[in-house]
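Below you will find the structure I want to go over with you.
Which chain is which? They are A, B, C and D, in the order written, and residues in each are numbered from 1.
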Amino acid sequence: MTGDRGYSSDEMMTIAAARALSGARACFVGIGLPSTAANLARALHSPGIVLIYESGTIGAKPPHPPLSIGDGVLAETADTVVSVPEIFNYWLQPGRIDVGFLGAAQIDRLANINTTVIGDSYAEPKVRLPGAGGAPEIAASCREVIVVLRHSRRAFVDRVDFVTSVGFGSGPGDRERLGLRGAGPKTVITDLGILEPDPNTAELTLTHLHPGVTVDDTRAATGWDLAVADDLRETHAPEPRELDALRLLDQPA
Amino acid sequence: MAQVVSLRHAISSVVRDGHSVALEGFTHLIPYAAAHEIIRQGQRDLTLIRMTPDLLYDQMIGMGCASSLIFSWGGNPGVGSLHRLRDAVENGWPGPLRLEEHSHAGMVNRYVAGASGLPFAVLRGYRGTDLADVTPTIKPITCPFTDEELTAVPALNPDVSVIHAQRADRHGNVQLWGITGAQKEAVLAARHAVATVEEIVDELDPRPGAVLLPTWALDYVAVVPGGAHPSYALGYSERDNDFYVAWDAISRDRETFRTWMEDHVLNIGAPA
Amino acid sequence: MAQVVSLRHAISSVVRDGHSVALEGFTHLIPYAAAHEIIRQGQRDLTLIRMTPDLLYDQMIGMGCASSLIFSWGGNPGVGSLHRLRDAVENGWPGPLRLEEHSHAGMVNRYVAGASGLPFAVLRGYRGTDLADVTPTIKPITCPFTDEELTAVPALNPDVSVIHAQRADRHGNVQLWGITGAQKEAVLAARHAVATVEEIVDELDPRPGAVLLPTWALDYVAVVPGGAHPSYALGYSERDNDFYVAWDAISRDRETFRTWMEDHVLNIGAPA
Amino acid sequence: MTGDRGYSSDEMMTIAAARALSGARACFVGIGLPSTAANLARALHSPGIVLIYESGTIGAKPPHPPLSIGDGVLAETADTVVSVPEIFNYWLQPGRIDVGFLGAAQIDRLANINTTVIGDSYAEPKVRLPGAGGAPEIAASCREVIVVLRHSRRAFVDRVDFVTSVGFGSGPGDRERLGLRGAGPKTVITDLGILEPDPNTAELTLTHLHPGVTVDDTRAATGWDLAVADDLRETHAPEPRELDALRLLDQPA
């Protein structure tokens, strides 16, 4: 998967996600790419970041990416392990967590997320996805949310088939009306670039292109007429130390 | 007081056709052996309850045990879809499966309400999502002090909850540690509860982070070493990740699935 | 991240006139030294919050720190009345004291709601008692699924919560064990939190039954060996029961009380 | 305090209370006389009884009566120690506990209990009592309640000044209407005898006299016209082994 540039687009995506954690104190992490990115941030620039997995481990410091959120290495390296009711009620719900990391099967123009069903009918879906898990409340209660997913027209749709987790609802002011206390998805990181909500319309807008990617590439992979920021910037290419750290993490235990 | 009995006896004593059954264990200490015993005994029309259905509910659903599923995340963690669950939902095979779908926060608070003897729980959840439209067990509730609108979910009180734990003593006190999930709540919410354990010991010396379920909170304890395989049992066994990956191919096809279940579950005797 | 500072600095940084302050510790690890420091610093018009006011709130009330008390059981455990509390309620000395009175179950659920970021909690409680008539923070609530009527109480979110714990590490992570009461909830419910500890250690090795409060959930940690005296600190000191008995005579008379406080609190310097 | 009979009336009361725990599996215990009685039951006839203190200790086996519910000996001898929220929400509230043991400053004809204020006015009480503590929910949720207090006209009143904990409210059916799921105070044990609610009226009725006590003694110490059961019986006098065990318990540690 490593391209001409010496790194793959997935590596660029993961490294951009790790960089986005700079300054975060506590991060609510799901398994897979979010876990890799969070542990990469811990290895690179945020040694003190508190990683919280929904299985109840607070301050986990896994030496290798866990296979699942039930991995013993999370419990054994954590500052403390609490019950699943406690992690959701005492730690996530009150807004103690700075950053929540989410994936998505679909995301729409207003950053609403679908991980439930593809198709018009919930009862008779085209594709049955895994469902909500912790996402709706992570999206509601973390101070901000980072979404990470690969860019494609199947994933980036004008309107999600099913709102599993609320981004900006139907537009500005909706989160406040719904009583969602976190700021929502402030950053959507893909293998092509970075999207951020427009300050006035909350619509996801292209703000960064990864090296070698064009606006047209990104528009072609987006299911709505993608707006581009006036000050569109290029993501810094991965540094060797970032790539080294990531590849070290990705090695099997 | 919990009786220490065989797994076969424990399951046949408490699980009946039509029951609601929660097999819990949040990605750790998943009670596979107990699920397999239910498959062998052939109880039908079950309402299966579990936050993360995982491979064991894929197996139970594929084998036709369930008519309903109450859950919050139904995937093969780190691998992909649960093909038997999807086949039931998308194609009604081997029978229709009614879904009652929540988020983790909602499910876990439903267990908390059940364990607390309350009819419902309150949370900041679901607001603005489409889940409330498809799940009747999600309703708004207004704070009587601030008038803020929040969300209520009803208690879960399974007919039977089943967990796997590391150890029990001869009196039937059960101890588990590591990631302890929502097992305490699932047991305390249930009308009847069964624990399988890796081993029976003379004395349950206290351990950091351990949850102890007193014998009088359970009905049966059965000794089933490896009863969480292929999931983790901290201090006893690691996750068999190859199996989780292999399950994707095994479960994708109905016949391959059925053959695997015959060879590895149906034609295998229950643990003694 | 909690800073490790002197008790004087911790209290003066977070406790202001008019604040609501919860000093918790359910009959074990009662933060006496911190209460004495508040008495010395002279913050006034406090709303004191505590399930079991105990001798330390008798002292604070008698010294005129408080204008309100939110509580559920105000006695000298195993001995009798709290005379300074009674004098304030019955005679308005040294000033009037507004009471907001709950049961233990109600108080503890108010902390749980506070720690959970919810505006209220639901419980089976108070129904048929006269408490709801005298306490406006007790209201009925109806289950949206069963129509059963239960009781709601509003969240407690103290301006400051103070606890005493056995140990902390140099980062300010705090560990307590034995009877851990509602201290985790009191800390997580508060806007600011302070822990006094018996000692700072290099490494907080895990202990059975221990609660760990991560440093980022607190503002300040102060090392105060014996900071729970005359109450228990399991593993460090026993309850000074003679003092609990002696307090009855000391506190019965206003002058005797005042003299004792001058000799044992006011004229004593804060711990370094 | 030991009378002509070789035991005091308080000893008779405590021993009667211990006997009443025969057959109970789990008992919610307050400090003082209830704790002594519960530990006496454990020493005498119920070695497996699970003693639960509201401080969170489940299955405590103190070798000597604890000084308070915070006593380290409770934590150190317990099967498990849980938080105070958990003890009330997961263990007491759902009705898992067979017997709750309560004291009282006042108790009335319908077994309602006052531990809040003496006098007509809550705001300006004659006597400010400690308050509710765990009692209202113990009275509501334990499968049954045993009340232990000394018999006097000050304590046994026609109607309590303040209902801190509900006995039978204003009469039969009230507990059900209020949603209180336990059966309420089935036994009131005093230093003179034992009272039980009349099956039809729920009114506390004298069912047992302790040895040497007369009906007139008891009526003189009761603030209402005390009914006497048709089959009024005499409590068995303390046996030597009961007295020995009690006196052993009462010795300082």
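Some observations on this one:
As a convention for this text, a contact is a pair of C-beta atoms (placed from the backbone, for glycine too) under 8 Å apart; a residue touches a chain by one contact, two chains touch by 3 or more.
Please read these numbers as outputs of a predicted model, since none were measured by experiment.
Note on connectivity: the fewest chain-to-chain touch steps from subunit A to subunit D number 2.
When the C-beta pairs in contact are tallied for C-D and for B-D, the bigger tally goes to C-D.
Centre to centre, using the average C-alpha position, subunit A and subunit C are separated by 40 Å.
Rounded to a whole number, the gap between the C-alpha centres of subunit C and subunit D is 28 angstrom. The multi-chain contact residues of subunit A, meaning those touching 2 or more other chains, are 80, 89, 93, 141, 181. Counting partners per residue, subunit B has 112, 117-118, 123-124, 148, 150, 184-185, 209, 211 as the residues that reach two or more other chains.
Checking each pair of chains for touch leaves A-B, A-C, B-C, B-D, C-D. Interface residues of subunit D facing subunit B in the complex, by the touch rule stated above, are 25-26, 50, 58-59, 79-80, 89-90, 93-96, 141, 181.
Listing the residues of subunit B that touch subunit D in their complex gives 112, 115-118, 173, 184-185, 188, 211-212, 214, 216-217. Those residues of subunit B that touch subunit A in the complex are listed here as 26-28, 51-52, 71-75, 77-78, 81-82, 85-86, 89-90, 101-105, 108-109, 111-112, 123-131, 134, 148-150, 178-182, 184-185, 209, 211, 231-232, 234, 238-239, 241.
Taken together, the subunit C residues at the contact with subunit B in this complex read 117-124, 137, 139-141, 143-146, 148, 150, 152, 154, 206-210. Residues of subunit A touching subunit B in their complex: 31-32, 54-57, 67-72, 74-76, 80-81, 83-85, 88-89, 92-93, 116, 122, 124-125, 127-128, 130-137, 140-141, 162-166, 169, 174-175, 178-181.
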